[in-house]
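Both complexes shown next keep subunit A, but they swap its partner, so subunit B is in the first and subunit C is in the second.
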Partner chain A sequence: MKNKLSLKYVGFFLMLAILVLLPFVNDSRTLMILLTQIFIFGILAMSYDILLGYTGIVSFGHAMFFGIGAYTTSVMLKQMDNTLSIFLLSIVVGILIAGFISFLVGLLTLRLKSHFFAMLTLAFSGLFLVVAEKWRSITYGNDGFTFRAPDIFRDRITFYFFVLACLVFIFIALYRFVNSPTGRILIAVRENEQRTKSLGYNTLHYKVIASVVAGTVASLAGALYAISLRFVNTSVMTMDITLDALLMTIIGGVGTLVGPLLGAAVIEYAQHTLSGLARDYPIFERWIIFFGILYILAVIFFPKGIIGSLRMMYWKWRLKLKEKDKTSVAQPQEKERFE
Partner chain B sequence: MEPILRTENLTIRFGGHTAVDHVNFNMPEKHLKSIIGPNGAGKTTFFNLISGELMPSAGDVYFKGQSLAQKSAIERTRMGLGRSFQITNVFPNLTVLENVRLAVQSKEKVRYQLFRHYKSYKAITEKAEELLTLVLLDNKRDALTTMLSHGEKRKLEIAMLLALDTEILLLDEPTAGMSLEEVPTILEIIRTIKKQGDKTILLIEHKMDMILDLSDSIMVLFNGQLLADGTLEDIMKNETVQNAYLGGLYDEHLTEIK
Partner chain C sequence: MELFVNLVVNGLATGMLIFLLAAGLTLIFGLMDVLNFAHGGLFVWGAYAGIFTYMFTESFLIGIIGAVVTGALLGLITEKLIITPVYGNHIQQILITLGLMLVLQEMIKVVFGPNGVAVKTPSYLAGSWEIGDVIIIKYRLFIIVVGFVIFGIFQYMLKRTKIGLIVRAGVQDKEMAQALGIHIKRVFLYVFMVGASLAALSGMLMAPYSGVIYAEMGMEYAILGFIVVVIGGMGSFSGSLLAAILVGLAGSFMAYYVPVLSLAVNMILMAIVLIFRPQGLFAMRKERST
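Coming up: the complex of A and B.
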């Protein structure tokens, strides 16, 4: 147990060290942008994992919180000023709005059985998409608008470090969250909601907590995404964002937190390289087709995702070791009993 | 003395079928009462009404003199009514220890702690381990619950119920589907609980020898009605019960249907 724990920490710090040192070794623009994008979608996918992987809630409306974050930051930077303090304030405002809305939507919809809930989240996110399209005076509708990011983020590397810091902070916070007593109850809800109720837990409260945590984290991802593009349009509210998060979570491994991060890396990287191939092979302009195939293969062969499958292998291996131990220890005991 | 649990004309109808029919019963404190009756007599439905899974069509349940009509199942558990399920109902993909730990955590009211690591609540884990020892599952603590045999799941079910530390235990056929060798362990566990003397136990069971061994009193349900309630001798002497169990009433019932 101790051994495994320290292994986890070593892995974490090693990865962190590599990511911190990387810009000093190779600061190519494409790499920095790609990694920043991976971090941002990693945050989004982790937040989705809280819902899907830990609480067992399938939401088709996660994009609305991402969109809320993205729009709040963009609008505030455009309308007020492009200073760092306004940016930080806009993140807080975005989180508050997303938290409030996820609380409200959760309270209204989480009483329902899962598929009705999924449908309703779809409806709500559709509603927000329409608002973003029609409230032209602020959102400029479908065309969206560009804005100036805070000067400090003009440097890609500074922004890279900022997003990395956010990622690490969110990762640790969510890791603590899922391992807290409340986090354990979320897992219990996923496993057997009726039983959780009969143990005296009000499961609705926990589902709402999960929904608020996921919503606020997604809004942070949205804010960072808007800064990375310095542009926002209605695409941040669309189903594609939710599907991306879903895909990353499932490919990486539901209910693992690290999995969605890995999933985000795999998908963003694949997207990057596949669309790069389009120059030579026109079929790759439709890289989404390959995603479809990838998705189907993942669900068939790795239903638990990359991390989930690895974990299963690890457990099986440990079980085998244990059994070996047992048989070698159990035999003398048998003898004693006969005597 | 006010009985700890009491029902008054407790009735539930499903469409035209009356599953529990005007049942009045009293449950003295620290007492073990068994409920017997043929299949479909309404025993589990009666439990569901007491535990709040179902709401009665008429009548009410009283816990320490307080009406439970407005209380949800969650509130009833928190007040002190714990139940086990006839069909094993555990968290399949969690470890045995985690199953019990979650139950202890509920009892300890550790519900909304978002940041501390759950393992830092040492007392909770220790209590869970203690309960696993009581139900003879301590050697399986790290096994996933799906890997357990049926009998082991039943034991786990009892451990989780005990973890809630409720004053009343509603045990719905704790030996259902168990092999004959496993029954004595369950019997032993219930006997241990009874001997500790601080629980009121209501038990649904089919195995007569077990009922005779454990019960302070017995109540008989038949077609949703309370046929008899009393000590073993009373029940044995009761003619309606004899008829019901010898099939008399049942035949009558059949001819009625025809």
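Coming up: the complex of A and C.
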């Protein structure tokens, strides 16, 4: 057990070291932008997985929180000043707003069954999209507006490191969260809500907590996204963002934190290359079709995603090894279960 | 007065179109316990296939038939390939039908081109009647009539025929219906196909009404369909008619008096209903009427 854990840490630090050293080896603009994008959407997808993978609720309104973060940061930087302190303040404000709204929405909707919850979140995010379109004096509607990022983020590499730091921080924080007693109860809710309830937990509270955590983290991702583009329009509130998060989570692997990150990398990279290919082969302009089909196949055949499937294979392989060893390891376990 | 009549006619016409969309959703949900998020995709496929048939053959009626056939075929494929593997798992159903929605929407752009298509109303339905001061657009009246006729047919089928009996029995208790020798899986398939062709019909009728069709319209109207189903009560056929009319009227009156709220009014309506009466306004969960 200890051996496996340390392996995990080694992998984590190895990956981190590669990502930290990468800009010094190859600092091409495209690569930096692509990686920054992957990190941002990785944060978003991880936050989505708190809902989908850990608590087992499907929300179609995740773009709402992403958009709140993006708009808060952009509006504050545009209206006030483009300094670092304003930026940090705007992140905090965005998180507070997103937290408050996710709390309210969660409290109202999470009592409902999965179908209704999915539809209601869809409707709420539609409502926010309408607000963003109509409140032209602040949001400039669908045209959006550009703004100046804090001077320190002018440099792509500095921003890269900042986003990477955010990613690592969020990853560790969420890792602690899902392994905390609260996180365990969320998993229990996913597995069997009725039973969790009868064990004496007020599942609504825990689902609201999950919704707030996911909402605030998504708002952070939105703020970073706005900075990376230095532009914001209503597209940050659209269904596409939710769909991206959903795809990344499903393809990477639900119920893990590494899965969504991997999914973000796969999808962003594929999007990047496929839209490059589209110049030569027009069929790739419709790359969403490939994703859609891939996604349907994933839901049918690999409902656990890349990471989940790999893990299953690993367990099966270990089981086989054990059987080969001819030790009676399996039997005491069976006994334990019945005792 | 004429303003009022116009707003009512407008609202009723929109309501009827949404009803056709929602009727399929609610039947499928009531019987199969499947929430079909791809319903909007079937809707937009109906619109495109119907309109292209119409433009090709110059006959609106053949266009409608084309739309309904396309809907039924897509329904068949969808049920067999997409829905069957995920019966009983709500989360997977939501996810997979949403994926299908994506694919259907993008396929529209591949098959029919990415740009919107302008649609003309057939000449015998274009124009309007003037009765006193009141101007009534023919096509809107046509939609309202079609909507009520279809509602009548379905109500008759559901309540008075053997097929309707089987479907109602399935809605009430699947296992029991199965025990009585009904091939419930096949009933599922037929109901799904009927629901899909209703969605396609709705799309086809919507096309001349809105004047232009585009790939993204599926999702927009599907949301309205969901709202209606929620307000009317899942699985309730007449409930969805009333709710559709309510949503249509609310939309048309709001668009005139408080245009800012017109897009939001339905969502607010749905949120209120879900919070205070989650089973829907007209829910008859275990329908017992004869």
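One rule holds in what follows: the second predicted complex is superposed on the first by the 320 of 339 C-alpha atoms of A that agree within 3 Å, B and C clash if a C-alpha of one lies under 4 Å from a C-alpha of the other, contacts with A are read in each partner's own complex, and residues count from 1 in each chain.
Assume contacts are C-beta pairs under 8 Å (C-beta built on N, C-alpha and C of every residue); 3 or more make two chains touch, one makes a residue touch a chain.
These figures come from a predicted structure and were not determined experimentally.
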Open item on the list: With the two structures overlaid on subunit A, would subunit B and subunit C clash, or do they fit side by side?
Closed with: fit
TODO: Could you say whether A:Lys197 touches subunit B, subunit C, both of them, or neither, answering first, second, both or neither?
DONE: first
- [ ] Please indicate which partner A:Val92 is in contact with in the superposed arrangement: first for subunit B, second for subunit C, both, or neither.
- [x] neither
Open item on the list: Touch test for A:Met15: subunit B only (first), subunit C only (second), both, or neither?
Closed with: neither
- [ ] Tell me which partner A:Ser180 touches in the superposition: subunit B (first), subunit C (second), both or neither.
- [x] first
Open item on the list: Students often get this wrong, so check: with C-alpha centres, what angle lies at subunit A between subunit B and subunit C, to the nearest 10 degrees?
Closed with: 80
Open item on the list: For the three-chain arrangement built by superposition, which of subunit B and subunit C touches the greater number of subunit A residues?
Closed with: C
Task: Which of subunit B and subunit C A:Ile152 touches, first, second, both or neither - done: neither
- [ ] Applying the touch criterion given at the start, work out whether A:Ala188 contacts subunit B, subunit C, both or neither, answering first, second, both or neither.
- [x] first
- [ ] Answer with first, second, both or neither: which of subunit B and subunit C does A:Tyr295 touch in the superposed model?
- [x] second
Open item on the list: On the combined arrangement from the superposition, state the nearest Cα-Cα distance between subunit B and subunit C in Å.
Closed with: 12
Task: Those residues of subunit A which subunit B touches in one complex and subunit C touches in the other - done: none
Task: Residue numbers on subunit B that touch subunit A, as the complex places them - done: 51, 73-74, 77-78, 83, 85, 89-94, 98, 101-103, 105-107, 110-119, 121, 160, 164
Open item on the list: Touching residues of subunit A toward subunit B in the complex: what are they?
Closed with: 176-177, 179-185, 187-188, 191-192, 194-202, 205, 209
Open item on the list: Give the list of subunit A residues in touch with subunit C in this complex.
Closed with: 52, 56, 58, 60, 108-109, 111-116, 118-120, 122-124, 126-127, 130-131, 134, 239, 243, 246, 250, 283, 286, 288-289, 291-293, 295-296, 299-300, 303
Task: subunit A-touching residues of subunit C, taken from the complex the two chains share - done: 29, 35, 37, 82, 85-86, 90-92, 94-96, 98-100, 102-103, 106-107, 109-110, 219, 223, 226-227, 230, 234, 260, 263-264, 266-268, 270-271, 274-275, 278
